[in-house]
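By written order: A, B, C, D, E and F. Residues from 1 in each chain.
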Amino acid sequence: MSKSQEFPQPVAGTVVPRFGDVATFMRLPLFRDPTAVEIGMVGVPWDGGTTNRPGARHGPRQMRDLSTMMRRIHHVTGIAPYELARCGDLGDAPVNPASLDDSLDRIEKHYAKLHAAGVVPLSAGGDHLITLPIMRGIRKGLPPLGMVHFDAHSDTWDTYFGGFKYTHGTPFRRAVEEGLLDPKRVVQIGIRGSLYKADDNQWALDQGMRVITIEEYFDLGVEKVIEEARRVVGAGPTYVSFDVDGLDPAYAPGTGTPEIGGYTPHEAQRMLRGLRGLDLVGGDVVEVSPPFDMSGNTALVGVTMMWEILCLLAEAVAKRKGRI
Amino acid sequence: MSKSQEFPQPVAGTVVPRFGDVATFMRLPLFRDPTAVEIGMVGVPWDGGTTNRPGARHGPRQMRDLSTMMRRIHHVTGIAPYELARCGDLGDAPVNPASLDDSLDRIEKHYAKLHAAGVVPLSAGGDHLITLPIMRGIRKGLPPLGMVHFDAHSDTWDTYFGGFKYTHGTPFRRAVEEGLLDPKRVVQIGIRGSLYKADDNQWALDQGMRVITIEEYFDLGVEKVIEEARRVVGAGPTYVSFDVDGLDPAYAPGTGTPEIGGYTPHEAQRMLRGLRGLDLVGGDVVEVSPPFDMSGNTALVGVTMMWEILCLLAEAVAKRKGRI
Amino acid sequence: MSKSQEFPQPVAGTVVPRFGDVATFMRLPLFRDPTAVEIGMVGVPWDGGTTNRPGARHGPRQMRDLSTMMRRIHHVTGIAPYELARCGDLGDAPVNPASLDDSLDRIEKHYAKLHAAGVVPLSAGGDHLITLPIMRGIRKGLPPLGMVHFDAHSDTWDTYFGGFKYTHGTPFRRAVEEGLLDPKRVVQIGIRGSLYKADDNQWALDQGMRVITIEEYFDLGVEKVIEEARRVVGAGPTYVSFDVDGLDPAYAPGTGTPEIGGYTPHEAQRMLRGLRGLDLVGGDVVEVSPPFDMSGNTALVGVTMMWEILCLLAEAVAKRKGRI
Amino acid sequence: MSKSQEFPQPVAGTVVPRFGDVATFMRLPLFRDPTAVEIGMVGVPWDGGTTNRPGARHGPRQMRDLSTMMRRIHHVTGIAPYELARCGDLGDAPVNPASLDDSLDRIEKHYAKLHAAGVVPLSAGGDHLITLPIMRGIRKGLPPLGMVHFDAHSDTWDTYFGGFKYTHGTPFRRAVEEGLLDPKRVVQIGIRGSLYKADDNQWALDQGMRVITIEEYFDLGVEKVIEEARRVVGAGPTYVSFDVDGLDPAYAPGTGTPEIGGYTPHEAQRMLRGLRGLDLVGGDVVEVSPPFDMSGNTALVGVTMMWEILCLLAEAVAKRKGRI
Amino acid sequence: MSKSQEFPQPVAGTVVPRFGDVATFMRLPLFRDPTAVEIGMVGVPWDGGTTNRPGARHGPRQMRDLSTMMRRIHHVTGIAPYELARCGDLGDAPVNPASLDDSLDRIEKHYAKLHAAGVVPLSAGGDHLITLPIMRGIRKGLPPLGMVHFDAHSDTWDTYFGGFKYTHGTPFRRAVEEGLLDPKRVVQIGIRGSLYKADDNQWALDQGMRVITIEEYFDLGVEKVIEEARRVVGAGPTYVSFDVDGLDPAYAPGTGTPEIGGYTPHEAQRMLRGLRGLDLVGGDVVEVSPPFDMSGNTALVGVTMMWEILCLLAEAVAKRKGRI
Amino acid sequence: MSKSQEFPQPVAGTVVPRFGDVATFMRLPLFRDPTAVEIGMVGVPWDGGTTNRPGARHGPRQMRDLSTMMRRIHHVTGIAPYELARCGDLGDAPVNPASLDDSLDRIEKHYAKLHAAGVVPLSAGGDHLITLPIMRGIRKGLPPLGMVHFDAHSDTWDTYFGGFKYTHGTPFRRAVEEGLLDPKRVVQIGIRGSLYKADDNQWALDQGMRVITIEEYFDLGVEKVIEEARRVVGAGPTYVSFDVDGLDPAYAPGTGTPEIGGYTPHEAQRMLRGLRGLDLVGGDVVEVSPPFDMSGNTALVGVTMMWEILCLLAEAVAKRKGRI
């Protein structure tokens, strides 16, 4: 009780109804000073890397709105993140809808500031290209990261539209090239969909990434996939990136590049819970595109995944701080 | 042929197209006199107990509309409910959107009248608080009931908003306190979602309720869950309460408190079919909120669950009447 | 320039894109201390007085989201509200979805506190019953108010559902009975729709209210209606209450009791602009029900009306403060 | 009190909330025996004549649902239809989605029966082809009818798809050919939209129909259009046919052949009110297609037009019965 | 490379963005001359056989639009259909919304022409009745066909609405009667839903069709179902007919007769992939009804099934041509 | 008959139903060779200049789909464009969602090619920034253009987000700076909405543009506005640019920057018809954003405006060709 009392606490739905008041992530206070928190939830309202259906720029607001459904304690693991770490909403990263290059630059610098302040970031996209400048921003002092990557797509294509290197289909090729990611510690779960060329996913395999297609996923089962993921990323610092299009589009229709035939939210939750104990240094949930699901159902799924990751991050932070 | 000829029969979709004519439950005749039926389908268009997203007050109408998709005979069990019992639409219970207390009172009295007339009620909510006055209304002559309860939430919280005891999050705590339910004969299936406090579901457990979380549900599998449910409720009089938020929200997005990661409609159907032979005295399907799913898909799921329960009730009635 | 520099300023869409960051009213800072502002925008997320389609409880959040479209200076009047007065988002009033009486009480007390702090309130409903406790809260030190009331309904019915006195169809009858409103200084604009009884609007007329039906509205034209409204409310303290169902439902489909055949948003804007110079003490925009218009179009109309009223209030405040 | 007491009365929204109970037209009782009423509201759930977007078969149900918003007395004319005539919901006409010819036959015979029973029909479509069999059904004992026809289209094309004579684009050519309509007593209001051939509307003009294009409509203004309509149809028996696509699609998007640039609902209401005193023998509102407007807004507009026509018919009936 | 170079190739999403240009099936060229292709994708925009919710007439356009998401190579089987066979969009079959009989005739003649030109047709419905005239059109030179039939309904009812023999509930009874189908080589997968009469599916069984209900489907599992399907259809010429209502409506809500409790798209994909090597002579995906799912999600599922079938057909064609 | 026979003709809705076949603009043939047409309809599926809600990249496809509602002859002016000029769908301009600069370059070059081939372009956006590269592309041999500009916004801001010069809020400032537009021959109709700075529209005025705010528009009336527009642009070569956000959002909700209080589609049609006889050299309809209006209603409005402009262009072309 003692310590948690000092940490920011979310508004409870039994006190202020869930639909009440300004929407912040998880109903936590909004801080402009990053030093106020240990785990900072950050919106990155930008979809300039989107090659197909746009709208992920509106994701952070809708996810904030739907995060009002979250409560305080994880019902399976018992993790109480707000007792374990100082958490808060840090607002949005600066972006520029009129310039891809400037946006990448602004996002990177923003995360570099958060990183310098000691913040472990949990981001809400935005399209998947945002993960690249986030990783650039938090690289200082860290070795190339491992990554547990939930997605229908490998996002390791090289270029689009005649040589253009930055889209939401390319971030992890760039990240490997830049030494941000250690490909041998990357596992991708749920990859599927028809191919442009027969060797679309070959580059990733060549680098040593572990690509678990959706077919292999269903054949292995959740428990084995968790084991495999833990084996791949090992004990080093690791990032969790959750693209909602890894889920079947029935659960997350509000996204830019839906591919039918994915996993269920329950299965995704189980996989995330299976990542307890990893040395997690950040995470994100991306590709929630509200214009393609005004109902908010996709955002609810997305923000529940944020909640699962938050619990993991809080435990990791508490451990690093020696609190548990 | 003899007996069934005397019972009310639904309009057939091969005669009057499914979109034709005034919408009643299952396309049965509408009766204002409860003595006309043995099983009465009743709407309770009230959502005054809703703590989050309202709209379940519009549920009965949309469920009547979508019930037009139902036919006459169960394709697995072969049960032909309209041959087994006199069934009909009894219209809606009286409610008062301007007063929670008055609504509870009106609903209870209405069901007391139906109960006195010998009606076995199958209700369409409305939010889950309606189950409380329904149980109050049918208590006469019955011991505390067993209940098979499908839901994402235990609905046994104590109070909200500073001591208020009546919301859709509290009905079964009240029902146990009032002796309407025998907690040792209550099984809850699908419970999940983050918690306000670590002991949110403890009260239910302390009373002896059998809480099957969604995690245990998936681990056990449908068949074992059915066995467990039958074991818990035993041979005594039992009520079936189906909150559509027990299902994954992909199947039932039109509801007030969606929690991702639930079971599928097919699984729910299997579980309901597994309840054949129990001494069922009533049932309800609640929390269909049309404003959050104008398409009617949620209502179709809800009313198909009503159909499953109707088959169970018809068999129970026929048995009690000595017809089978 | 001097003074305005000290006043809170909204985030500009040319700096932070409109979809960026936490959504507050007009992109202004959020204050919890009412003394920080002169004009406070307040959400009242409550629809417990709704007799038909609920959902207005979700109005304040969606209006905050859409208020991101507003800029800083009125394009016709040239009013720059944030230079004239200290404006801010004051969050939501406390409400209780489980109790009508408690909600009326909480809202009244909250506004009494704001009033005591000198705040001129501009509220976002919520259903129209909220105007009653708002008026109770700000009554101290004020004579019975005049009111310019935009609506399809007179909202002066007496009781519903067998004697219940508090619904969104009754607030102004109660307000007159309680001496909050001076009926002779009330003008209602846009009244229409079939009647329960031939004398539905007679009580209002008997009290001396000026009821401008939609038919008279169209016959008079906007300019004459403005004149008449100004004549009726005169120089005394006056409140502006804007129910979005006064507009034609094509413009504001997301509302609880739509009546076809209303005015256009442009006409409403003209009428509001025609109220410059009145001694305004508060205002509200009510009955935006997001579940019936997920697109946000209704909320955009509603919040643009808030913007128009804000400009009026800012000028009134600046005048009372001797700034202009 | 005397006479009206004997007539069927609608359920009041102040007693049973508007969302309550089985949905019938205007919340009136449902009668299967046509002799029970003088004015019968009838659904014709059929869209087999639709050449473009289907769905009007679902119109009657959605209009019944939205008719719950109607009250008892006309707020401008003061007409109280349920005091003037025996009104009721007569259910739906029989139709056959699998056969155009059989449907025309079934509908005609059904209306012939109603007509023989003395019922004045007010129908809810269905697509506009339904007006043809309705007119065939009520022809007995009547001279060729006059018609006030609200529509974007003249519906007097000859054939479609290579010689097919029955679609929702042809009913009034057929009706003139069959002597059901007196073309010299037909006025069409709101005609517009690009043409297949330069003489698309020439046939109608050649027969002597008065075609008021939307351009002429706006030039004349509502009052002059009313005068012209009254002049054309004169004192003889007249039918009112209201296709919701005469309205601008912003007000009635749920329709099969939207043409932008129509009149407003308020203007339509004024025109309908301008038809008081004509010798009206029936009416319909057609082309409400719910799948293209799940929100019900189009149906609300449609059913309010039914309400306006109902008031006219009730007055006409009462006059013929010598009650007024 | 040689031959494939000569075959029509789809536009790549990495060159022209997926949302770009006129929408054709799979972004292939549009041909009006059937001799230009070996596999022709054909729309049949007709829903005149629909007994409930219409709209499948709009299916081909929406499926063309969503097919823009498809790429060139199957990610599991490695099949590259555009290298194996000449594929193209052949536009739509002629239909007549005003006449069921004429439509059946036009469709049959159109397919007879395609068949005579050597085209293997892959069709996009339209409702399921279209499969009957397609089979009539391609019967020349073929023995009665085998069929793998994915559906919630057997579609072997006899008549509707008093003896009418042609609806989307009857095509396969007619096809057997006409010798188009060999019932002993027909397998139906996913049959479910309440019954009109206890023996609804008896006729199919009596003819020797293999009906795998959804219950049996789940009990057997995908692999066994594939084995069984292959066993039933054997080595003879076989047609694949995929009704999207075989899927659970959460995945395919835009359809005319949804039945809850179906399989997932991933499972359907696995089943289709399990049909490799069969002697396939055509296929279709039917009952996508865009008005009931404007989002396009259902069409995306449908067109991905078309992609799966296309890969099967291309391999079959290549084998028959001796290319592989 | 002679000449028109040689020109491409659209498919007629009385022959092939409107929902049939591949969707092209106005159901005209698709040409890849620009020399095949005199007036080319071109999609520009790009929204990289959008500062707020994206999605206009999907505009051309949805407008093609809805253009199926258009017929062949203008019902007021009698213009038969396909008899006056060779018209066709030229597909889409090349764009690059991953690069603003590259997109501007590609679009310009594409239009330069069309221009060199003698094509008069009628474009479907895309966001309003596309008009800049279009004007660049067609500048060769033309003096600075006049422009009739329908819009809620002047689109003459200077920079966004810290000095970025290219967004959909800046095209006409750039066009004046580059000598593409003669500001003294530019008229803007419908300008409104709150301002960032008091002098937001001052630059336009300083250049000599004629800015007709929505307030002045309503005060003048349509006829006077037409006169004024004709006076401003005079006899020189003129471009028509129609941003659908000039309309009230009730008519065109699917757009990126809605501003309430605009004109109606009928009024816009009247204004466009008032431009007959001008020396028109091109036109566009922009800012239709399908994700914000999946129903297609906005696209229908947009494409009907394209139809109106097409009639104007066809007459201008025919006059220049000496055909009339």
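Quick note on the criterion: contacts are C-beta pairs under 8 Å (C-beta built on N, C-alpha and C of every residue); 3 or more make two chains touch, one makes a residue touch a chain.
Going by UniProt, the chains are A, B, C, D, E, F = Agmatinase.
Note that the structure is a prediction, hence the values are computed from the model and not measured.
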Intersection of contact partners for subunit E (Agmatinase) and subunit F (Agmatinase): A, D
Separation of subunit E (Agmatinase) from subunit B (Agmatinase) in steps, with touching chains one step apart: 1
Same or different contact residues where subunit E (Agmatinase) meets its copy subunit A (Agmatinase), judged by the half mark: different
Per Cα centroids, the chain farthest from subunit E (Agmatinase): C
Pair with more cross-chain C-beta pairs in contact, given D-E and C-D: C-D
Inter-chain centre distance, subunit A (Agmatinase) versus subunit F (Agmatinase) - centres from mean C-alpha coordinates, in Å: 40
Rounded Å distance, subunit A (Agmatinase) centre to subunit D (Agmatinase) centre (Cα mean): 56
Per-residue overlap in subunit E (Agmatinase), given as positions that touch at least 2 other chains: 17, 19, 51, 53, 57-58, 96-97, 160-162, 248, 250, 292, 295
Chain contact graph, described as a line, ring, star, complete graph or other shape: other
Contact pairs between chains, per stated definition: A-B, A-C, A-E, A-F, B-C, B-D, B-E, C-D, C-F, D-E, D-F, E-F
In the complex, subunit E (Agmatinase) residues that touch subunit D (Agmatinase): 47-51, 53-55, 57-58, 96-100, 102, 160-162, 164, 166-167, 291-292
In the complex with subunit D (Agmatinase), residue positions of subunit B (Agmatinase) that touch it: 16-17, 19-24, 30, 43, 45, 57-58, 61, 64-65, 89, 91-92, 94-97, 294-295
Residue ranges of subunit A (Agmatinase) in contact with subunit E (Agmatinase) within the complex: 51-53, 157, 159-162, 192-198, 200, 213-215, 218, 248-250, 253, 257-262, 292-293
Subunit D (Agmatinase) to subunit C (Agmatinase) touching residues, read off their complex: 12-15, 17-19, 69-76, 78, 80, 248, 250-251, 264-266, 269, 295, 297, 300-301, 304, 307
